[in-house]
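Chains here go by letter, A, B, C, D, E, F, G and H, matching the order in which they are written, and residues are numbered from 1 within each.
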């Protein structure tokens, strides 16, 4: 199994840490993983994205231009990455702020109202975990117990108390994800 | 004595929602929109008609977003 | 539709009291919301416009957040290597003695890697203007400690706060260069309130006027927020700046007409 | 069990430096490698092992701090990225001339000039031929994974002290910024001052009574002595070439075509090889792990076997010169490169192979 | 009649700079080239032509002054020697990246490090392969006489402005310090500010109303644009290779053996050729005048004619790589070098030819 | 044979009042006759001997006439790149905090190319000693203008005298670094008369003692002749120095116990 | 009161003839030889017996050429 | 005709300028010339030397290790250069300060008491011109009129008044040079 994912949105949406938790979850189930961020000033204000690969085999290139799944969280990223999804691949997006919705017919498309839901949960910090939950619902490539372990590994100990809230957000995301096409 | 009235024009798409203008305005004319602009920022907007055209908002705006008019009426 | 509070009737050219200067291009500046770089750019551009010297001005951008300053100033611009803007500007001014030459530099650029170039350009009294934006941090590269970082202030390379014993004291480079006979006008300003902005603009104007009179080097420090680096909202950052930066970097003129103030 | 972590390449270097018992790091921030200093500062290595970490006022100061520390027989490391490494050229030449051991990490970004902060391999010439003045060589290691970023720190120190020669780890923005899992070697003890003095009698550790004082210098005004010193250096470089060449050979046994690529280009090329093999193209790869000494011998040998060689580089064609020198005309050698911060993709590599080597 | 003078190579460069209408010199003293600045200061060129001469606080400052002046479309020159040139590497990479014309003189001394102040050619790699970071090339001229020191200043400025590219004059302590007679070209007028503005619309001369402002930069954060810029640079370098390669062929018509040498090594080798011919050895020489672009074609052609090639270099073997790349295995190529400030003598060259090429 | 005036009878160890310290090697120094470098070397070596710290001292030589200082001091020595001795010494001291570390630098080395390294080592308050030999010229390379060259003073790169308008003012780097909180002791001395030599030695002693007490940076400037560069005989050069250098670079303590004098 | 007498030993081959010692000596003990040493320098020499062992000459000598003895007799 | 000469002595003896005048004299009679000094700190206090070549043909190497003539003005230079004279070549030296006199039998050896003579002339600055005069007596490779022209060219105009004195010294040197072997 190899899953090649791009997660893209605004800086500050938790794109990078979502990728990190995913990668750690992969490690917890003994997979090879790689996490390759965009970096530098383009992250400030502008978009941030990260390529995450989970695989049962040695990962050759950490840099990709075609993905199994794209998780897209703003319009710029939609413009940039919709076209990079492999035919038959998956697109998951939050429609909030999206003006041009995806048009491809050869991929599976899902929506997650994560911004709305995180606001409803009273904590915008859960946004990225809701998205993660949605993704894992569609593609359960890592076991929930490994996600929890991954969270533990990726968060500093002083933040471990936040894990239940995060797991709740993940569950929430799994509940509210909707298939569009 | 003629009354001085002012008006500002906010170039919403250039605004970055930094809120610096809101603290600078002596008349509390400006507040942040709950909507975001194309860049994802809650932009500045006028919330009353009390502008006196003092330019304070404009001179502190880092992004030269605000145009100010003033007239004696 | 919400109420607009617009008064379109007074929006006439005669009533215009403030609008973006044309010496700034229409490019949206890449600075973070509320960053003082934008305001400082504006002031300098306004001064250039008001003095009518747009076609006679050559600016030097540094490496730092303001590296792309050349996209915003609608004057001929050069992008210098990190810290070397004063050397670059020296050559420009020597070769075009009648042009107006400025450098625009951050605290890392000017007071760390560029220390020698800064001191020697000041010491030679190059007849140019240095605008020095001191935000106590390396904004561009993600918030590392700068020479001007305050004692105890956390940054990404002083995560437990600047420890003076091992990392040294914040460097008051502005006070240092004021000691040099080559500097003619040295001042410290800020741009976070309307009153300060207006003062800062006067200082920049003075600094540029000095060039016309061949007075030597004018140096305008702008103490500014780096809200991203400080990890505060812009408004809170400005408050923090007042409470913490100004006591250490007091605002005001340091050297006027070639004489130390006080 | 060894410790398994998910880390950035830059962080792995920092952690490996602490664990390798490094005595000091001196550096100046620059993207895409500032995490090295940041990680170290956050880790308080002074408390963990006594390691000194100092943010210098510039890259020039940093490399000269490296000189000073290394001259004391201490394990010192610095890191930077392309423009910062250029600034270090004089210092590096001094270190090579004075025969001091140290590790220098270059997380390469696109140039020339301020260029871009995106990944590149365009400092190959600078690293391998001597960007500084004079006849000197760095030992150059080319990690292709986060694991190797960590491992090459240890390897780098070993080689540096074995030969009293600076070692450069030539990485790039991909390897520096990506996270992968990494198995960290266990903490090695830092040498005590007494051990340093005992192990490295050449070092300036304070002149013991009765022995001549130690001098660390790269100056020799008498040309005939300076030439002798140069001969000594050349002899050392020859030994390094003889003993330390490292490479990875991938599917070369039956290869009819050969790719030569290092670092992240090699990662990408490996995917390209899988794709090409799926198409029935028998292609293999030599991934040089040391860029100096260069694995010329194996490439020369494989030149007898293959029909053509493609170098894949994130530059405009630099390593190709070393491949051509190795091949000495036996077989066609072509270059495929993306640069200025662009990263080649495997499809392009396959296409280049087909067009420039197989079809060409 | 042209003016005939007895001058040091360094002085010839300085006088030629004034006469070529240079607008500025920026430099920092270092042996063996301080005479350039000293001569200029004594000559008061500001009074002769308006040329600005400034002693900078360091080589780093000097090269960045060159950047600033060149960005104004002005003719700017600097000079230094090896360690100082290493310090300029970042600045040179910026100048190449921003495509600025200028002339940089390196009067090479032996390295690495502080090395020796005696003549050397050990900065060949640095000059020709790019000692700074990124994919860039300098045009490199190799004068072999005081006359050429003067002439290459003019030639250098011509090429620099023709291609908007930095030019390095790679000299050494012999050529810099020796006096020979030199025929100086006549004073050329300095361009007025208006002429500069008219001739070089890319230069920052003060934005005229109605035209877009000019930006001199080497930064491009968008990698695809940066790659485009890099392609443009590579294309330029290709054109330079096509059009500007210069060399001197000496007694190659009937040559059975070939020496390749540049600068003072070529001077010495010429004497060796006379000696060898006196012994009946038919040896000729290619003296590259441009080191980049390299005269690979003629060497490749002669490789079909001769039985072996010897490079004579005052280094441990650098240019030999370019000769080998040119020859591509056709014929044996060997290196003879003295270094660390030592100068080969003609007898040694003949012996090396006999042992390494003819006998070997 | 001429009369010898010898008194061999009093040449006994008890009567010995002065002889070359063993912390100087027997190598004949390459300095020009009468050059203050030799005297300054001697004083530092004597202090090291008297403090009994020969085996605990590590010295850093610059690039300048004193580049070969490592051949004369019989302590472990490093030769630094031009201007970088303070950075080199910083590392040495950080790694050997209990050793005594000094740099020995000329004015070109310390105040031109090395300005940034000097200022930042001083600012960090590195606990070490800088000996700064200011002879107003680049001796080593043949007498070019230094940052400290006096106005009007001719050198090989200011053959008509230093022209302040274009070449800048002489840089009083010592006064500058005294402004930095990291410096603990800053003094200016000379070594051209017995009285001055004795004072200078005391200053050097103080500077080295400060290291033991972990006081921060001690900086001893020695205003010295470069008779070759000045093209005067040594005795005339010393006179010229008194008449011209001292008025501009007045001798005496500038900062003592971390406090500016006066 | 005991009289203080001194003596100096000049290491002629190390002397560079700079004459700095001659101006430092309160007793005018030292002058320059008309001969040169191996390095070609007119070296310092004693020209009278008035030395009081004050060390002035030695402390100003850049080349540590002079050894000084002093005794009360 | 090609004459390859080394002139070596203490710094300050006027070795370099003597070479320069010789070179200029060569130019005045349309010869090729080269002048290659030793340089750097070794010149300070220590020895200075210069290689001068005058030739009717293009000069290949300006750096030599064998000479037609060596003009030697101190012991260090004697030690270094006596052995570099070509068999049949010429050695001219000032015996003042020389402790080991030349011993070679296969060369012609001349002495010039130039230090003495210049002291006698009351101007030690004429030292090198006396030596030059001696050399030109032995090897009249340049015409006296060209020497005078060379002097004019090599001296700055403000020093042209010294030319007669220099010519006098040259004449003196020619008079007092003695053949030793």
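We adopt the following convention: a residue touches a chain if its C-beta (ideal position, glycine included) is under 8 Å from a C-beta of that chain, and two chains touch if they have at least 3 such contacts.
Quick caveat: nothing in here was measured; it's all calculated off a predicted structure.
Counting only chains that touch, the fewest steps needed to get from chain A to chain D is 1. By C-beta contact pairs, the most connected chain pair is D-E.
Put simply, the C-alpha centre of chain C and that of chain H have 63 angstrom between them. For the pair chain B and chain D, the distance between C-alpha centroids works out to 54 Å.
If you average the Cα atoms of chain C and of chain G, the two centres end up 62 Å apart.
Shown for chain B are the residues in touch with two or more other chains, namely 16.
Residue positions 32-33, 67, 79, 81, 112-113, 115-116, 120, 147, 166-167 of chain C each touch two or more of the other chains.
Looking at chain D, residues 31, 54, 57-58, 60, 83, 90, 94, 98, 113-114, 117-118, 217-219, 221 sit in touch with two or more other chains. Contacts from chain H toward chain E in the complex involve residues 20, 23-24, 27, 32-37, 39-41, 59-65, 153-154. Residues 25, 54-58, 60-61, 67-68, 70-71, 73-81, 84, 87-92, 94-96, 99, 116-117, 120 of chain F are the ones that touch chain D when the two sit in their complex. Those residues of chain B that touch chain A in the complex are listed here as 16, 36, 38-40. Those residues of chain C that touch chain D in the shared complex are 63, 67, 79, 81-83, 108, 112-113, 115, 138, 141-142, 144-145, 147, 156-160, 166-167.
Remark: chain D residues 23-24, 26, 52, 54, 56-58, 60-62, 64-69, 71-72, 74, 76, 90-91, 94, 98, 193, 204-209, 213-219 touch chain F in the complex.
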